[in-house]
Every structure is written in C-alpha cells, then in structure tokens.
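These notes open a run of structures that come right after.
First subunit A sits with subunit B, and in the next complex the same chain sits with subunit C.
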Partner chain A sequence: MIALILLIPFFAALVIALLPNSLEHHSKFFALVVSLVNFLIAAIIFLISDLSGGQYIAINEVIWAQNLFPFQIKFSVGVDALALALIILTNLLTIAAVTISFQIKERLYFVWLMILQGSIIGVFASINLIQFFIFWELELIPMFMLINFWGTGNREYSAMKFVLYTLVASAFILIGIILLGYSANSFDIISINNSGFLVENWIVIFAFWTLLIGFLIKLPIFPFHTWLPDAHTDAPTAVSVMLAGILLKMGGYGIIKLVLPTMGYLLNDYGAILGFLGAFSIIYGAILTLKQTDLKRVIAFSSISHMGFVLVGIASNSPLGVLGAGLQLITHGLISGLLFLCVGLVYERTKTREINEMKGLTHQFPFISFIMMVAGLASLGLPGLVGFIAEITIFLGSYETRPITTLFAITGVLFSAGYILWTMQRIFFGPRNKEFDAKDISDWPQLLSVGTLLIPIIIFGIYPQPLITIMEQGLNFLIRIG
Partner chain B sequence: MNLDTFVILLPPFIVLLGSILTLLSSMFLSGRLLILIIFLIFMAAILSSIINMTTQVTNLFFHDTYLHSSFGSILEIFFSISGLIVIAFSYFAYNLRDQKLLFGDYAALTMAVLGSAMILIHSVDLILVFVALETIAICQYILVSLPRTETAATSSIKYLLNGAIATAIFAFGLVFLWGATASTNIIEIGSIVSELEGGSVSIILFSIIFMTAGIAFKMGLMPFHSWLPDVYYRGPFNIIAFLSVVSKGTAFIFFGFFGFLIVNKNINDLSTWWSILVSFFAIASMTLGNVAALQSDNVKKILAFSSIAHAGYFAIGIIAVLLGNNIGLSAIGLYLVAYGFGNLLVFFISALNSQHENNFELRSFSGLFYKNKLLGILLTIGLLSLTGIPPFAGFIGKFYLFYSVFHVDYWWTWIIIIFAVSNTVISAGYYFRWIKVIFSNDLDQTTISLPSDSAPYINFILICLAIFIVLIGVFPDIIVSHAADMFSKLGSIVS
Partner chain C sequence: MQINELFIWLIQFSPIIGGVVILCLTNHRKNLAPFIGSISVFISWIFSCWLLVSSIVEEGNLFISTQHEWFSAFNLNINIGVMSDGLTAMMCFVVTSVALLVEIFSKGYMEHEDGIARYYVFLSIFIFSMLGAVLAVNLLQVFIFWELMGLCSFLLIGFWFEKPQAVLAARKAFLITRLGDLGFVVALVVIWNAVGTLDISLINESAAQFSSVAIFVATFGLLCGAMGKSAQFPLHVWLPDAMEGPTPVSALIHAATMVAAGVFLIARFFPLFELSGDVQSIMLYIGLVTLLLTGFLGIASNDIKRVLAYSTVSQLGYMFVGLGLGAYVAAIFHLITHAFFKALLFLCSGSINHSTDTFDMRNMGGLYKLMPYTFLTFLIGSLALCGLFPFAGFWSKEAIIGVAYEKNVYVFSLLMLGVLLTSFYVFRALILTFFGKFRPSKSFTDKDMHVHESAPIMTVPLVILSIPAIFIGFIHFAHLFEEMLLHANPYLNDTHLEHHFHLFIPILSTFLIAGGAFIAYFLFYKNAMSNLKKLVNNSFLVKILDKRYYIDYFIEQVFVSRLLLQNLGNSLVYFDKNIIDKLVNGFGKSSLSIGRIFVRSFNGEIQFYSFVMIAGLLACQIIIFVVSYYILGS
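Right after this comes the complex of A and B.
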C-alpha cells in the first residue's frame, strides 16, 4: 500500500509528461485527481491499520543489492505513525499546491510538482538509509526547476542558492549516513535502531554532529538559515507552500528518526547547546520578521522562528518536549502552508507584496482577510487553534530539563504575537488605501485549496487528541529504545 | 597451450584482430559495410566475454602473467560497449570527410586501444603492463592528431611529449622495483613486500612513488595534470570522449589491481605511505578540477577540468584498496561504468550542439531543451549523473567510493571524505549552471536538427547511454557482484 502511495506521483508525472498536446491544459485536473486519490489511500491506511505499537507497518521490500556492501541492502518502504502523519500532510499540501496553481497551463510545472510530492513521500516512507538519501536528493531537482522557471524576482539566484545549501546539507548527511551504516553494519533504519553503535565514542560524536548540522541546515536554524527567505520570496506560491509546509519538516523528521534513537544520549552533553541555538533562532527569526516589508519574507522569517521551537523541543531530551516537536512539525506545516496560500492570493489580486502599499484590504477582500487572520492567530499560538497545542507541549517538556532556555524561548511567543498582529493590522485594517481591480475568492479551486488546510487547523485546534495520539504512537520507538 | 586457455584471451584478440581487419578493409569497403563489420566484431567480443565470464573461474594463466576474473570480463564488456558506441557515434554524427578523419584509421586505432586496454586490466606482469600501456598511449597520440589540423597537431605533440616523460618515469620506477625484488610478477612482488620491514621498505617505496607518478600522469591526477586541459581543449570531441573514458579508466583499473595485489590486505608502512601520497593527489585533483571548472564558461574547459576532478574521485577508491579494503576496487569499477556512460553522453550531446558553428561557449546551449527536447533531457540526465544526483548511476558510484574509503583507524580517510563531499557540492555549481542554461527560455529560434538519415541511429545511441545510466544507478549489483565473486576466489590464489 505504501509503495502505491510512493509510486502514484511518479507515475502521474510520467503520464502528464506524455499527455497529447491537445490535452495539455487539462494536466492540472489530472494532477488534482492524482493527489486526491493519493490522499484518500493514505487516509485509508491510517484508518484501517493499527499503529499503536510504534512499529513500522505495511512494509514492502525487495532485495536491492546483494553484493554492494558487506551486508544486504533491501529497497524497503513502510511507515510508522510519525511518517504516516507527515505523508498525509504532504498529500494535503499537494492538493492545496495543485489547486492554487490552476492558472498555470504548462504541463511541465505539474510534472515537477508530482515528482516533488513523490520524492518527499519517499523520504518519509524509506526504511533504508540509502533510499532515504536518494529521495532526499531527488527532491532537489523539481525544487530547482520550479523556483528557477516559475519563480518571480531574483529567481535564478534563489534557485541556485537553494540547491547549493541543500547539497551542503546533503553532504553532511551523507557522511553521517556512511558512519551510521559503517558502525551498525547495516543501512536498515530498524536494525540500526535495534543494534545501536558498535564503535568508539568519538566516532559517534562525529556522526551526531554531521547528521545534526545537515538536518539543521534543512530545518533551518541560525546560522544556516539564509537560503530560506530567498527561496521563499522568489518561489511561486505553490512551491512556497510545499517548502514551508513539508520540506522544512524533513529536517525535523531526520533528527527524530536518525539521530535520537541511536545517539539521543548525547543530548545529555550537547542538548544545552542545541537548546540555546533553537531559542536563539526563535528570537533572531522573530526580530528579523519585525523588520521585513515584504509579506512573503515576513512569513519566511517567522518560519525560521517557529522551526526553532522544534529544535528546543528535541534538545530538551524529555518525552514531552520531543512530542511537542513532532506536533510542531505537523501544525506548522498546516499553518505556514495556509499563510503562504493567503499571501499568494493577496499577491494575485494586488500585484504587490510590499506591506506599505497595502492597507485596509479587509474592505475589499473580507474572506481572504478572515482566513489569513485565522492562520496568523494560529501561528502566534492562540488557544483553540492548532499552533497553541504544539508550543505549549514544547514549553512544558522543555521546562522540566532546561528552564532558562525555555524562558528565553517563550519570549519568542511575545515577538510572534507582535509581528503577526502588527502585520495583519497594517495590511488588512485601517482606511482603504486604493481600489484594486480584483474580486475576493469565489472560484472553487482556490476555495478547495484554502479549505484543505483551514479545516484541519480549526478541527485539531478544538480537539487535538487525535493528533497527540498519532504523535505519541509515532514517537513510541524512542521510549522503547531509550 | 591448449584451446581452453586460449579462450581466455579471445575478447582482446577479437578486438585487436578486428582492428587490423578494419584497417585493411577500409581501403576497399564502403562506410556502411565497415560499420557493420565493426559492429559484428564488437558483438563477437562481447559474446566471448560473456562466455568467459560464465564458464571460466578466476585463475592465473600463461605462467602467471594473466589474471582472468569475471570482474575483468564485465569490464571488457564495458570497454566493448563504449568503444562500439564511440565509433558508431563518430560515424553517424560527424561528416568524416569534412573532419578530415579517415574513418578506417580512426576505428582501427580506437579498437587497438580497446584491445590493449582489455589486456592491461588482466595483466599481472609488469612487462605485459608496460607493453599494453605503451600500445594504448601511442595509439592515442595518433588518434588526437587525426583531424590533421594545426590545433590537433599541437595537442598531439603536447600529449606525446608529456606522455613520453610519464612513460620514462614509470619505467624508472619499474626498474627499481625489479631490482629490489628480482621479479616482474606483481603477485610475487606483493608477497615479498608483505614480509619487508623497516629500512628495506624505502627502496620499494621509492620505486612505487615513481610508478604512481607515471600512472597519475595517464590518469590526469593533480600535480601531473598540466597536459590535460590543453589536449582536451584542442582535440576533437569524439576522440576526447574516448580518451577520457577508456584510457583513464584502464589506468585506474590497473592501478587498483596493482595496489590490491601488492598490498593484499597486509597493511604495513609501505601501503600507509603510499595511500597518503595518493590521498594528496586525490584531494588536490578534486579541488583544483572543480574550482577551475567553476570559473570556466567554455564547455570543453568545463569537461576537461571536471575530468581532472573525477580522476580525484577515482583515486579515492585506490586509497581504499591500499588500506586493505577490497571494495575499493569494486567501487572503482562501478564508478568507471557510471562516469563512463555519463561522460560519453555529455560529450556526445555537446558535440552535436556545437557541430555547426563550432561554438563551445556555455551560452550556445541556451534553450537546448526547447530546440530539441530529447537532447535537452538526455544532457540533463548525463549532467545529473555526473553531479551524483540519484537515481542515476553517478550517485551510487560516488556513495560507494566514499563508503569504501572510510576507515576508523586512519584519520586522513575522514579528511578525504570531507573533501570529496564538499567537492561534490562545488561541482553542482557548474553542472547546475549548465542545466539552467539548457532550460533557459531566451530563444534564438534556431533549432538543432540532426542529419536526417542518421538521426535515428544517433538518438538510439544516446538513449541507450541514458538507459545504461539509469540501469546501473538502480541495479549496481550487475557490476559489483562479479567483483565480490572475484575477491572470494582470489584470496586462495594470491596467498
């Protein structure tokens, strides 16, 4: 079943690429149907399977290389609760990304989008480290193409910057993966987690830092964050949604999946540094957000700030903190995705992203303003919306082990309230600046796009238990091993 | 000598005899017929390699001078395929009369190089090695000069002079090695070396340094690379493609075998120093090649410098072998196949792109995807494979090389890995810049059209290369399983 979810996007990309020219303008419908089907399959797997043990389910594996390494390599896909939750999020965001780009006619755009979806799912569904890395790298190509050819502004520079930063991250991760495979004598995530390390301590420390730096670049955390604002600013809306919504989460997923089970005990020594780095990233991102005048950059920098919470949660080395980090991955995926959608909708109508040029948009676009307000409030952690539940869990978990870092990090919430409310006030409220020649949302693709992310934000905000349950199941393996 | 042992030699013999046959028949046969004969010769060679691979076990033949193994056979098949592809591409894509390349000469020389390469990768006697190396080198000097233009002559002379010096250095080291061990058999030398201790290592180390320098010359490793950019820049594309894959590849495979048989898991002072020496070469070549390529806007220069950088990656496998890790040799084999097919693809499409206006600037590729969709996509595949992006063969090749060199007890292997992965990132700079140009939209409305009568053949050759790249990337076991098989059998023979 999981292999099906993984293969469908690649197959869809192939079919869209081979559509006859007369059907090219229908490729968007095809992409939409495929992502809906994929979402449904993922949802069915979630509903029918028992994930409570925290183990991998629905494993499909084929022997891939018998002689390549001193041990056998299998091509194996499967999911546990954490991976499945992130796969469902990927599918949701893809639906949103496809529907928001309905005005694009070229088929190539949707081909790349489908390949992007497939490779992200591949990252989450891989049980084998080589395969994990293959999909991790594969995601580069569609991102490069999408930013480079459908972006705006300084897109070529940003696309190249994105590629180089990601490749640097990959380089670190590659070294870490080689070390993991060498020392555990296997590239299988399950058996690595079971056997642990067989080599001296200093190698473990080296592996810990290389993997961590690689994932922190992707997350991104200060001082490795500079690629993110550029990539976001110049990417098309759908790519910003995917980038903020799910690509950043791959970094967090990597830390939770690869670093914590085998090398988590090193957090006793280095957790303080990482926690401080996370807290600093929160504050730093927040302060920079206050200074931005481009609406997309505001959200990009707020993403840096919010991903800092993930690191604080993980570095706390407490079950509750890691749970909060896992929750933050999902909730921030939904919220930042929705925020970028709204920015895209505003930009489409006003043709500007400069905050100073907008004013009183709520008079003309009440619906968009409403949605963006909801997303913004969720982002600043308003109780009743989904962002709150993740942040409070992180703080509760982190306060047990690192009270000072936590207090430092909590000030970030004040900042985020500041920049969100201030930005909203500047663009939506006040007297109307000028009349824009556009209407509020009324066509169904954009409604669907916004709805796919808005509904879970509200539902899980009011009733977060299912989200918490799935995360607890997903992080079970840490407790079992630890 | 009974027939059974002669069968072992069939693949190189078929190709070498085929070379003579081609040379003779080119005088009175038409081009079409000639290419058919060449095709049949290579098919026969591939078939005999396959038969050898399946029926013969790993063993030494001809008074311990010739080591047959299934790994060697699979490399023979690789050489046959790439030779056939190069010759066929040159025939179909180049108007040979205009290029002043006599097709018969060209094909015969290419096949002579391939036949000697097939002997070289099997030989375990230094005399045989020397003869094979020289045959390859001399044929290549002529090959480079074949277009009979002034630039080609300059390039050939430069290649000849530098190559002669390299040969002298190599022979110098060889003589010392013979003087120290009284043997030219690599396996015997290996067993003598393994018993050495202390001061007597130094004379062997001295000779090994010279031999390494000589081979490094042929491979284009960093301190001995100076001939390479010039020869590549001036030489014709199809011949340079052949040089960069086959001749460098053989040198690496030979060096890998040489190191493997000499060291044979007995790590002592000699192999440690030797590996440190090669480490310097590897790091220097990777860094210099990639940084220089990054600053170039000319496709030929980019390819020349990237080929120096790739030589550095190959050297990583040799370091692994010298530190006693067998899979270094399989990694060299795998990377050779991955790099070879990727490089041929990139070279060929560059040749097609710049055929008419003779323009090798990077911007002549702008909008290639919109001018000719197939070429654009295939070139992108080739470049991604050379960068090392999955699922193409270059990725698994690089991953395997980096994995093979990693060794807990030797700290400098860590530095090599760090340099190697950083260089992969640097190389992405120019490869992705190239890809960006291919897909860029500023069209100058010219289309690239292949000559209509040969277009299907050219497309077929290029698509075959792309399929090989994906196939090896997804199923690397095809190459590597034979190496594993060889190591398990070789252990009993060598010790």
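Right after this comes the complex of A and C.
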C-alpha cells in the first residue's frame, strides 16, 4: 500500500508528461485527481492499520544490491505512525499546492510538482538508509526546476543557492549515514532502531554531528538559515507552500528518526548546545522577521523562528519535549502552508508583496483577510488553534532538563505575537485603499486550497488528541529506550 | 434543586452558540444580532443565578467538579471541566449580569454601525471566554480562555479598524498583556513540573510540595499574567489606549470583567500566594504604586473615558493591595462592587457620547438638565466609586482599608491619599461634564445637532445598574458572603481575614471625599475653562501627567522602536546579510576559485598527466599500507 502511495506520483508525472498536446491544459485536473486519490489512500491506511506499538507497517522489500557492501542493500518501503503522519501532511499540502496553481497551463510544472511529491513521500517511506538518501537528493531536482522556471525576481540565484546549500547538507548527511550504517552494521532503519543505542566512540560522535549539521541546515537553524528566505521569496506560491510545509520537516524527521533512536544519549552531553541554538534561532528569527517588509520574507523568517521550537523540543531529550517537536512539525506545516497560500492569493490581486504598499485590504478581501488572520493567530500560538498545543507541549516537556533554554524559548511567543499582528494590521487594517480593487476568493480551486489546510488547523486545535496519539505512537521508542 | 453539570456548561456555551447563530445570519438579517446576542446571554444569566442559588445552599463549598480528558500525551494529562464553588458562582453572576446589560445597551449604542453583527459575534466570544476562565478546573483551561479573552479584547478595541489609533491601541493591548502572559506560561510550566498536574484544586492542595524557588517562580509568573490583564504598573499602559474601542466594550471588558480576571486568578491560587511572602509584598507595592500613579493621571485627562480608565486601573490597584495584604475576601468584594459601578459609569459615558458626539469633557458641561437619567445614574456611580457611605464602593473599600490599617499604617495612609485623589478626579469629571455651561465644539454646532437624553434601550440598563451600585455593598453584612468565599478556597491557611470595624476610618474617608469634592468644585465649577487652561499651561506636573510619566514613551519609542527595532533589529539584519550570508556566498565562491587552480592542471601535456598518475598511485598505496597496518594489524 505504501509502495502504491510512493509510486502513484511518479506514475502521474509520467502520464502528464506523455499527455497529448490537446489535453495539456487538463494536466492540472489530472494532478488534482491524483493527489486527492493519493491522500485518500494514505488516509485509509491510517484508518485501517494498527500503529499503536510504534511498529512499521506495510513493508515491501526488493533486494537492490546483494554483494556491493558487506551486507545487502534493499529497496524497502514501510511506515510507522510518525512517517505516515508526515506523508498525510505531504498529500494535504500537495492538494493545496496543485489547486493554488490552477492558472498555470504548462504540463511540465505539474510533472515537477508530482515528482516533488513522490520524492518527499519517498523520504518518509524509506526504511533503508541509502534509499532514504536517494530520495532526499531527488527532491532537489524538482525544487530547482520549479524555482528556476516558475519563480519570480532573482530566481536563478535563489534556485542555485538552494540547491548548492542543501547539497552541502546532503554531503554531511551522506557521511553520517555511512558512518551510522557501518557502526550499526546495517542500513535497515528498523533493525538499526531495534538494536538500541550504539556504543559511544568517536565514530558515533562524529556521525552524530555530521547528521545533525546536515539536518539542521535543512530545518533550518541559525547559522545555516540564509538559503531559506531567498528560496521562499523567489519561489512560486505552491513551491513556497511545499517548502515551508514539508521540506523543512524532513530535517526534524531525520533527527527524530535517525539520531534519537541510535545516539539519543549523546543529547545528554550536547543537548545544551543544541537547545541553545534552537532558542537563539527562535529569537534571532523573530527579530529579523520584525524587520522584513516583503510579505514572503516575513513568513520565511518566522519559519526559522518556529523551527527553533522543534530543536528546543528535541534537544530536551524528554519524551514530552520530542513529542512537542513532532507536533510542531505537523502544525507548522499546516500553518505556514496556509500563510503562504494567503500571501499568494494577496499577491495575485495586489501584484505586490511589499507590506508598506498595502493597507486596508480587508475592505476588498474580507474572506482572504479572515483566513490569513486565522492562520496568523495559529502561528502566534493562540489556544484553540493547532499551533498552541505544539508549543505548550514543548515548553512543558523541555523545562525539566533545560530550564533556561525553555525560558528563552517562551519569550518567542511574545515576538511571534508582535510580528504577526503588526504584519496583519499593516496589510489588512486601515482605511480603504482604492488601488487594489480586485475580487475576493470566489473560485472553487482556491477555496479548496485554503480549506484543506484551514480545516485541520481548527479541528486539531479544538480536539488535538488524534494528532497527539499518532505522534505518541511514532515516538514510542523514546519510552522503550529511555 | 441543585444545578447540574449540563447547565453549568450551558452558562459558558450559551453565548458562543448565540455567536454562531449570529454568524450564520450575518448576510441577511443583521438587525437580529442584538436580540440573539442578548437572549443567549440572558439564558446564561438565568443559569448563573441558578448556580449562585445552588452555591448559597451549599455555603460556597465545591459541589460539582468534573473532569473530561481533553488530551493526554505520555505523562501529560489535561482534563477539562467545570466547577462550582462560591467564587465561581459569584463571578459568573457578576459577569453575566454586566454582560447582559451591556448587550442590551449596545443595541442602542451601536445601532448605526455597519459591523454590528461582527460586534456581537466578538462580544459573544468574549463572554464565552470570560466565563470559561471563571469556570475552569484546570490551569491550562484557564490559560486558553485567558488568551481568547485577550484576542477578543484585541478585536473589539480594533473594531473600527480603519482608525489608525484604534489599530495601534489594539495591538498595544494584546502585546502588553502577552508580555505578562509570558509569566503565566512560565508559571504553568513550573507548576506542572513541580506537582505533575494542572488541576486547580490539586495544585492548591499540594502547595506545600513546591520548593521555595518553584513557588516563587510560579507565583511571580501568575502575578505577571495578572498584572498584564489587570493593567498594573508598569503594564498598565494599554488600558487607557484601549478606550479607542466602542464604549460598551470598555464597560464590559475593560472595566468589569476581563481586567478583573487578574485579581480572580490570584484569588484562585491564593493558597500558593500565601506561601510566598515575597511575591505578596511585590503585589502590595505594585498595587500601591499603580493606584497612586494612575490616580494622578485621572486628574489630568480631559477625555471622560480615559478618566474612567485610569480610575479602573487605580481601583484594581486597591484590589491588588488587598490581595497583597492577604485580604482575599475584601479584594473579591471590591472586584464585585467595582464591576457594577464602573460598568455603570462607562455606559453613562457612552450615553453622553451618543448624544454629544464627543468624549472630550472640554466640549461638555451643563448636561444635567439635558440628560437627567444619565446624570443621576452617573452621580450614583461616582459616589459609589468615591466610596461614600452607604454606596457599594464604601463597604468594599472600607474592607481593604481596614485590613491595611491593622497591618501596615503606611499603606493605610497611602490608601487614604488614594481616596482623596479618587474623589477629586471623580468630582472634576462630574462638574466638567454635567455642570456649568454647555460648551459644544465647533463641529458639533456646525452639524446643527442637539443634545438629548438617550433612548430607553440605553437608559434602562443604566437605571438597572445603579441599583447594585447603591445596594450591593450590603451583602457584606451577610455572614454567608465571606463564608462562601472562604469555602471556595479550602486550602487557605490564614482564614482570619476579618478585621475589626474602626469608626474613624469611614469618618476620615468621608472628610477626604468631601475635601476632594471641594477642591474640584473650587477649581472647576466657576470659570471652569480658564482655570483648566491655566492649570494645563503652567504646571510642570501637568506636563508630566499629560505625557503619562513618559512610561508609554519609554516603552514604545525607546524600547520597542529604538532599541529593539532600530538598534538590535538593524544590526541583526546587517549581521545576517553581510556576515552570515557573505560567509555562505564566500564559501561557494572559494570552491570556484579552488576549481580554477585545478583547471590549470589540465594543460594537455602527457608527461604531466602520467606523472600525476604515478604519484597518485604511489600515494594510494602508501595510504592503504598505513591504514591496513594500523587498523587491521592491531
């Protein structure tokens, strides 16, 4: 089943690429149908399978290289609760990304979007380290193409910077993965995770740091964050949604999935440094957010700040803190995805992203401003919306082991309120501005697009237990090992 | 018959159901919004009365406390539910009573607004959240509704979002209260780590388990949260600006309910505060400083709503002093009386504004003939606020002052100074607004408007509110009142909060009130304008008061604008762009230049290539030899 979810996007990309020219303008519908179907399959897997033990399900294996290494490399897919949650998030975001791009006619755009979706799912569905790395790399190609050809502004520079920077991350991750695989004597994630902590020696410590640097670049955490604002600014809306919504989450997923079960104990020694980096990122990102005047950069920098919470949660190395970090991955995916969608909708109508050039937009676009207000409030951690649960869990969980870091992280809540409200007020409030007389949202693709992300933000905000349960199952190993 | 859980939930949820109904009707029948809003709050008022009666029967003991699991994760279990002790019952009654009258008053006041449906929806969410915070059994539940209240306050202050001052005030209110809420979050985290639960009664029960550091941090954090919401120095700056919102909102949120939530929070966790003497003294001094500083500010303001706002902050200062002295019952008593008479005063100012189109007292005067109901009810509210015998404010203020007299004579004398100040600014406002000659502004006369008494839909709530403003103080004589509040907090150590009655205190305070009134009369009754001008122009003190002691200036201009945004922000932007990003780009470029060095080696000479090949092979061999010797050999 999981193999199906993984293959459908690639297959769809192929089909879209081979559509006859007369049907090219329908490629968006095809992409939408495929992403809806894929979402449904993932949802059905979630509903019918029992993930409670934290075990992997739906494993499919093909032996890929028998004698290349001292041990065999398999092409194997399968998911546990955490991976499945992130796959469902990927599918949700793809639906939003496809529907927001309905004015784009070129088939190639949707081909790349499908490949992007497929490779991200590949990262989460891989239970083999080499395969994990292949998908990790594969995702860069569609990103490069999408930013390079459909972006705005300084898009070639940003696309190149994004790819090169993340390639540096990949180099670190590759070293880390190889060291990890050799130390654990297996490249199979399940057996690595099941065999408990690796014995501490300098190779393991080296692997720990190389993996962490690689994943922190992806997250991104200060001082490895500068690729993110540029990539976001020049990317098309759908790519921003995917980038903020799910690509950043791969970094957090990597740490939780590869580092914690094998060398989590090293966090007792080095967690203080990481926690400090996380807290610093929160405040640093927040202050830079206050200074931005481009709407997309505002949200990009706020993402840096919010990803700091993930690192604080993980660095605490307490089950509750890591759980909060996991929740933050999902909730920030939904919230920042929705924020970028709204920015795209605003940009489409005002043709500017410069905050100082807009004001009083709520007169023209009451619906968009309502949606973006909700997304913003979720982002600043308002109770009743989903972001709050993640943040409060991180604070509760990480205080015991890292009290000072937690206190610094808590101040991030004030900053986020500051930049969110200030931004929202500057663009939406104030007297009517005659310049931007365009229509509010009315067509169904855009409604579907915001709906897919808005509804879970509200539902899981009011009743977070399903989300927490799935995270708890995915992080079962923390209790087992710790 | 005792109330059961369902109806307690309905107290909280009836307003939000009303709000949802209004939301669904927005497009078609905007005029229904006030009716639906008022009816939904009326229902919740009925059940609040029921809850109060049931609570009286139980003498304030906790008789319903429910737990429903909201979520659980590893060792964190969050249960939500409702409780019904004396404190909750009284607060519910006060909140729903004031809310009901405000909803009715708003129908008249907001009649001509386009966004009236939006207004009622926000109001409904607010009432829902306020009741949620009061009824909550869990600290996290309190926090959730606490934040939602802040959101509603933000939305309602900024109701007229095309007005830049309103937008600014809304943001300021949210951010300053959130600054206090950081303390709340810290307290939440510390309490959970100390006792492993967030259940309110369990926290109070296990107050003794806290380490001395934990109890200090927890109580100080809660105090910070309370200071933000209840606008205590130095976080009081948002409340006067919040007057940019519609006046009924000021009456409900910024006078009667939300700002009192801070006092309620401290009262709820009073067993913790009792164990932390330091924090209690901090609370006492903050209350004192607030009540005096804002009392002076009340003298200098020309905007009637701002005078009332400063007086609200000042009266909240009394409550904080009461709590700081350990007079838990007296503080709650003052909260209750204050809610009624201050809501009354604000609604009166709304009624005045509705008819004169201004809040500036310089453009009022002589209104007592033109608006008799508003005048009489404002007078009642003013006397209650001053604390004149036998109005409501007298009893509650006397309760706090009496405790202060027995505990600390310096605090007592400062509180008496506060009485003088209160009387002075109240009578100043009264005289400038209602006496002398009517001094309409130019725009008012140009528009050919006439001052008239407001419609019954607005005056009737005023009349109703003036009844508790006169009489509610007498609940003090019912022994049950104190019993109910004490039973609500069974883990209190010091239950002997009652003080002896000292006859000279009311006599002295009456003299002070009369003195304040006399000074106001002397300064403002005759030649009101010229005296006012002289005072404003000549006095150095008035300049400082006009600038609000430069506290706002310091926070907004110096701290946020200059230090945070300019200095720190710009240097971080510079650092990010020119150091971090330059390093990144330099890293990229350096790989290019390294590449250029190697490019030179592709020079086409076979001899050079073969030399490199042989050298490389040799190097490889050496490496393999060394590695295999050290790794395999050992």
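Methods note: the second predicted complex is superposed on the first by the 475 of 482 C-alpha atoms of A that agree within 3 Å, B and C clash if a C-alpha of one lies under 4 Å from a C-alpha of the other, contacts with A are read in each partner's own complex, and residues count from 1 in each chain.
As a convention for this text, a residue touches a chain if its C-beta (ideal position, glycine included) is under 8 Å from a C-beta of that chain, and two chains touch if they have at least 3 such contacts.
The structure displayed is predicted, hence computed values, not measured ones.
Subunit B and subunit C, once both complexes are superposed via subunit A, clash. In the superposition on chain A, A:Q425 contacts subunit C only, with no contact to subunit B. Contacts of A:L179 after superposition: subunit B is touched, whereas subunit C is not reached. In the superposition on chain A, contact is made by A:E156 with subunit B only, not with subunit C. Once the two complexes are laid over each other on the shared chain, residue contacts for A:L164 go to subunit B and to subunit C alike. Once the two complexes are overlaid on the shared chain, A:K291 sits against subunit C while remaining clear of subunit B.
Within the superposed three-chain model, A:A438 lies out of touch with both subunit B and subunit C [touch as defined at top]. When both complexes are overlaid on chain A, the residue A:L323 reaches subunit C alone and has no touch with subunit B.
Within the superposed three-chain model, A:I273 lies out of touch with both subunit B and subunit C [touch as defined at top].
For subunit A, the partner touching the most residues, choosing from subunit B and subunit C, is C. Subunit A residues in contact with subunit B (one complex) as well as with subunit C (other complex) are 164. Interface residues of subunit C, counted against subunit A in their complex, comprise 69-76, 140, 143-145, 147-148, 151, 154, 158, 161-162, 164, 167, 170-171, 174-175, 178-179, 181-182, 185-186, 188-190, 192-193, 564-565, 568-570, 572-573, 576, 580-581, 584, 588. Put simply, subunit B touches subunit A in their complex at residues 327, 330, 384, 389-391, 395-396, 399-400, 402-403, 406, 408, 414, 417-418, 421-422, 424-425, 428-429, 432-433, 435-436, 439, 441, 475-477, 480-481, 483-485.
Residues of subunit A that touch subunit B in their complex: 64-70, 130, 133-135, 137-138, 140-141, 144-145, 148-149, 156, 159-160, 163-164, 167-168, 171-172, 174-175, 178-179, 181-182, 199-200, 203, 206.
The touching residues of subunit A, counted against subunit C in their complex, run 161, 164-165, 222-223, 225-227, 284, 287-288, 290-291, 319-320, 323, 360, 362-363, 377, 382-384, 388-389, 392-393, 395-397, 399-400, 406-407, 410-411, 413-414, 417-418, 421-422, 425, 428-432, 463-465, 468, 471-472, 479.
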